[in-house]
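Below are the structure tokens for one structure; questions will follow.
Going by the order they are written in, the chains are A, B, C, D, E, F, G, H, I and J; count residues from 1 in each one.
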Amino acid sequence: MLDQAVIEAILAAKQAKKVSYEEIAGVLGRHPVWVASLIYRQATASSEEASQLAAYLGLAPEVETAIQTSSLKGSLEQIVPVDPLIYRFYEIMQVYGMPMKAVIHEMFGDGIMSAIDFTIDIDKVEDPKGDRVKVVFEGKFLPYKKW
Amino acid sequence: MLDQAVIEAILAAKQAKKVSYEEIAGVLGRHPVWVASLIYRQATASSEEASQLAAYLGLAPEVETAIQTSSLKGSLEQIVPVDPLIYRFYEIMQVYGMPMKAVIHEMFGDGIMSAIDFTIDIDKVEDPKGDRVKVVFEGKFLPYKKW
Amino acid sequence: MLDQAVIEAILAAKQAKKVSYEEIAGVLGRHPVWVASLIYRQATASSEEASQLAAYLGLAPEVETAIQTSSLKGSLEQIVPVDPLIYRFYEIMQVYGMPMKAVIHEMFGDGIMSAIDFTIDIDKVEDPKGDRVKVVFEGKFLPYKKW
Amino acid sequence: MLDQAVIEAILAAKQAKKVSYEEIAGVLGRHPVWVASLIYRQATASSEEASQLAAYLGLAPEVETAIQTSSLKGSLEQIVPVDPLIYRFYEIMQVYGMPMKAVIHEMFGDGIMSAIDFTIDIDKVEDPKGDRVKVVFEGKFLPYKKW
Amino acid sequence: MLDQAVIEAILAAKQAKKVSYEEIAGVLGRHPVWVASLIYRQATASSEEASQLAAYLGLAPEVETAIQTSSLKGSLEQIVPVDPLIYRFYEIMQVYGMPMKAVIHEMFGDGIMSAIDFTIDIDKVEDPKGDRVKVVFEGKFLPYKKW
Amino acid sequence: MLDQAVIEAILAAKQAKKVSYEEIAGVLGRHPVWVASLIYRQATASSEEASQLAAYLGLAPEVETAIQTSSLKGSLEQIVPVDPLIYRFYEIMQVYGMPMKAVIHEMFGDGIMSAIDFTIDIDKVEDPKGDRVKVVFEGKFLPYKKW
Amino acid sequence: MLDQAVIEAILAAKQAKKVSYEEIAGVLGRHPVWVASLIYRQATASSEEASQLAAYLGLAPEVETAIQTSSLKGSLEQIVPVDPLIYRFYEIMQVYGMPMKAVIHEMFGDGIMSAIDFTIDIDKVEDPKGDRVKVVFEGKFLPYKKW
Amino acid sequence: MLDQAVIEAILAAKQAKKVSYEEIAGVLGRHPVWVASLIYRQATASSEEASQLAAYLGLAPEVETAIQTSSLKGSLEQIVPVDPLIYRFYEIMQVYGMPMKAVIHEMFGDGIMSAIDFTIDIDKVEDPKGDRVKVVFEGKFLPYKKW
Amino acid sequence: MLDQAVIEAILAAKQAKKVSYEEIAGVLGRHPVWVASLIYRQATASSEEASQLAAYLGLAPEVETAIQTSSLKGSLEQIVPVDPLIYRFYEIMQVYGMPMKAVIHEMFGDGIMSAIDFTIDIDKVEDPKGDRVKVVFEGKFLPYKKW
Amino acid sequence: MLDQAVIEAILAAKQAKKVSYEEIAGVLGRHPVWVASLIYRQATASSEEASQLAAYLGLAPEVETAIQTSSLKGSLEQIVPVDPLIYRFYEIMQVYGMPMKAVIHEMFGDGIMSAIDFTIDIDKVEDPKGDRVKVVFEGKFLPYKKW
């Protein structure tokens, strides 16, 4: 099954059942962002997770099988995405990339924040002047190995 | 003064004085990431902030003047940066862009996280299996206006 | 339903009924440019707006459902569009980008014009030497937050 | 003289004299956006305008000469500029390009808004919820010639 | 109807009837290049032109309708086309772009040749050493407006 | 000598002597567009042409030598130039490329218009509604060789 | 018929009949590389060549018709092709482009090797250390016309 | 020494001595195209070749040293070069890439023509209808290894 | 048969039979990476290998035929792939490209590592701190030929 | 000090002293590839390593200081490098990317080979048919974290 067909099948089932990522997350015992990543074929389910999701949403067996295999990752089709919500992450990287690198190197030394041993959390911060989106990236610091 | 010359002048002064972004942040009463953004010409100082920084680092008057003007923003020269630390932010956008968009829309409705009314925080999360980098983005949710 | 299919379905219904964006705008109580944005899947309808539009144009239920969800925005497929009408907006940005930035910063300080809390108006200015197109962008000024 | 050197010379003189685009516009009897376009080498001065500007800002004769010649236009160096203020104009084109084209064609027929027989106005709209930037583009409608 | 389908339908009808652009041009009272532009969906027919073309080539009603609407212009899919005949126009622009700009500015002042109020003519110049292709572009000179 | 330095030296001499391309063309017995091409290093002078030009404009010997050598051609630095005058030639190729190809193939068979055995003429067509720019390309038709 | 379908139809017929480009070349009295160019829709057949090829391979009449029309040339879909055999030609151009240009200009003066009045030959040069591929390009030298 | 400076130094010495690639080739006992490749820093000289060239052209010791080191190869700065002579090689690859691949695979099996164990020869083929440029590439056939 | 269809057919058969690349490699007497390359249409099977694979996996005859022909190589569709596993190879080339070139030239002289007469091996290196992936590239050194 | 100046200073000192990466590696107790990475500013020295290298090569104090700071990594300036040795690594990624991903996922599960906790080794494998380059990448396997 092509990835796009898998994604559409799951999104249609989710919409039909009118459940949120949060509710699915409760069923699987996982975070809503990870669940969305799974549905968009950016993460891989264990067989148990796949059968839980399939049972909950009423997915076809080939969808249940498909989400247990790792796909060619990348959820976008553009080098610089134009969708305004997604573009803002690109803008943050372009504008604050060097300042963040400078601060991280000063705190940790030469290395990177892993994007694999990594989690994302998204929260709503209520504010009378307008609610705020809080996105938390947390990744293992990987120091450059010398050899 | 060209932006690049301003940046190099401040970085050289910072290195000569052997102070960290954190220490400069303490002097200005600002966050270290904002300070790094100011030094990399991605943020603009008030005249008071400019004179505090100039006094602390011993900057030339034209540098003090320059950091009070808004520059052409963008701290990188590449569309897809190859520096591994910075690239990971691009990878996160490419891999998790659609999942984050899906979750944010479900939590907030159609709109974006502002990258202007916006802050960044970076922390070290100590962990016996290896310390973790925690990057927090917080921006005002801007709903699409209808007209 | 794929966005492209939704757009084509609405455009076909609009063409069959021979109504203008202006007439649809009258029905919805919205501006014609916003209506065109909705039809091209760049804006999201409330359930009431969706049912009004569906009733007026005779749209299928899945179209009515689709326009209530936020799509991956971006109405073009090219990085630099070659259609002459659309390209002129690119040319204006390339030629007048720096001058507009200079004047806006002088009037407002460091920040941007929001493209989210934002409206577009288009008018015809009659002129004996040839009518003129007047395009008005109005967006909230967002000053850069310091932290 | 290279365009970049001309631009820097005028900007330095303007900064030294601490005058705004608005004030220079008053001297030349022109709009501040056109004045900024002249300074950024996107417009060409008559000899009278050039001598007025040179006298007012104390510019060198070769600068006065240079601004009377048409340059290779384009004030940016990037295909998709990352500066957030300028990028928003790109985003508007990408998101609202098709809707604006649809509405303009419906109002005017097949043709374009000229970006040459064209003016820009920028205003501040005061608003208790935050001031708004109003940008007005007005260009002659050019219908496609048939032959 | 998709543009590509419209184009293929007309080309097939033209090939079946074995008529040239010149012959169709005679029927419509238009120039062959304009006729080819219409068939490739780069120009828009009046209802009279559409019905003449439909009658002459035996086109379906939806094709007749389609060619009266303005399409998203651009007849190529590549930024730099590799087809040798079309590429030569790109090469001419790259090699002779600056010289042509210099001569046009010297003859006309700062402004452009319109590509909208514009015609193309193509002729064969017979020559014993090999016939020559003569392509004539004629567009209204548009001087930059000052404001 | 670098091409850019050669170009600047000749343009400065031309500006100092206040002569037009047309006047230089009269001296060399060549067309003004070819002369501009020579000055922008897109064409190569014979030793006689080089010495005539050097004598007329008072050029240094190394400039006289340089213009007799063929340079790496290409007068622009961008893949899609943003200068509005030059861009219009790109737009013509994008919009009318397929129609021109169709008409040329119908008139001449499979082959191309040479851009080497090729001339450009530029004229002003006076018109009460606004003068028109007439650009004539004439190139030898080269049929594809079969072997 | 779409070009891709024509190509696939001929390749399938060729594979079914198990004949080489060399054998087809013998039938048509043409060179195998030209024959392959014809099959990949980069060259145009005369009606006689088309009927010979159709008879030999048993092609459908619409294929026979299609190969008599000139297509939009370009046999690849990538700007820099990654197929190793084809890429080597790109590498040769990138590495040896300037040296070849220098030698050709020294031998012939300012001008080009035509890629239209042009032939390709490919041979096997037997060699005990490993056979060698010999590719011969021969094109008419076209000197730049002066005017 | 930077590559560009080395190249310019040798070209200036060659021009001063008024010798051709062919003459230098005679001195070194090498082919003129290889000599041009050496001068453009695409090939590496042995110490004997370097001292012969230095003696013949009167090169400085640091140039003699530099041409014995392998540089970062690539003689062009553009992905698709616009110089007409060099572009024709790109066009040949784009147009004839698939046909040449088809014929080479049929003659040799799956593999490539080496661009390393490789030579180039350039000849003038005299022809009353216009001389022809003959470019011969010869490279070892490298079959894909299976493992 | 299109390459994509061939790949999907084989992957589906492999998944249905629940066999690994290693197991298929054992059947064919080849390395698992070569087997994966064959399945992804980057390598070509002999008729014997094709029939072994077809028999083992139960492939259709047209699949068996297809894998004996060389395809247009390149297993990815992006210039810079975003899949994190594959991107890391791009990152290694960008970061370590110059250092590897420097060391290889010092060890071998001017030339390259062949990617054709070339093998890949992949191993798991067990490590209590986390297993390691070992990728071994081995290619024939090809010295630049002088001529 | 700019990175490029640091690199050139060290390479000049290394060339003057006529020592190899291997010899420097012996002094520092590191691998030659890591040493080359340090010299090309892709790795960071400890203060002890910096002083050893400075003492051995006679480097200036500012070079010694510079190599202790982490630079903006990326040793190349091109998205797809044309240097043949470096390009082969790009080709390997393009051709064998999917096969390697398939095999690694089968051996390790969903995750990546780290390019940070990572080493490179380069060896010469002597072979009577021509020596072979052996490049060994070894990186920690990082499984995707679920959360």
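By definition in this document, contacts are C-beta pairs under 8 Å (C-beta built on N, C-alpha and C of every residue); 3 or more make two chains touch, one makes a residue touch a chain.
All figures in this text were calculated on a predicted structure; none of them were measured in a lab.
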| item | value |
| --- | --- |
| Chain whose mean Cα position lies farthest from subunit D | I |
| Repeated interface matching D-F, over half of the contact pairs identical, chosen among E-H, F-G or A-C | A-C |
| CA centroid of subunit G to CA centroid of subunit H, Å | 23 |
| Computed distance of Cα centres, subunit I from subunit H, in Å | 31 |
| Rounded Å distance between subunit B and subunit D, as computed from the means of their C-alpha atoms | 29 |
| Touching two or more other chains - residues of subunit F | 33, 72-74, 76, 79-86, 91, 94-95, 98, 101, 105, 111-112, 114-116, 118, 120, 142 |
| All chain pairs that touch each other | A-B, A-C, A-D, A-I, A-J, B-C, B-D, B-I, B-J, C-D, C-E, C-F, D-E, D-F, E-F, E-G, E-H, F-G, F-H, G-H, G-I, G-J, H-I, H-J, I-J |
| Residues on subunit C engaged by subunit E in the complex (per definition of touch) | 78, 80-86 |
| Residues of subunit I that touch subunit B when the two form their complex | 80, 82, 84, 87, 91, 94-95 |
| Interfacial residue positions of subunit D with respect to subunit C in the complex | 20-22, 32-33, 36-37, 39-40, 42, 73-76, 79-81, 83-86, 88-108, 111-115, 118, 120, 122, 124-125, 127, 129-142 |
| Contact set on subunit A toward subunit J in their complex | 30-31, 33-34, 43-44, 70, 72, 98, 101, 105, 109-112, 114, 116-120, 142-147 |
| Complex contacts: residues of subunit C adjacent to subunit A | 72-74, 76, 79, 115-116 |
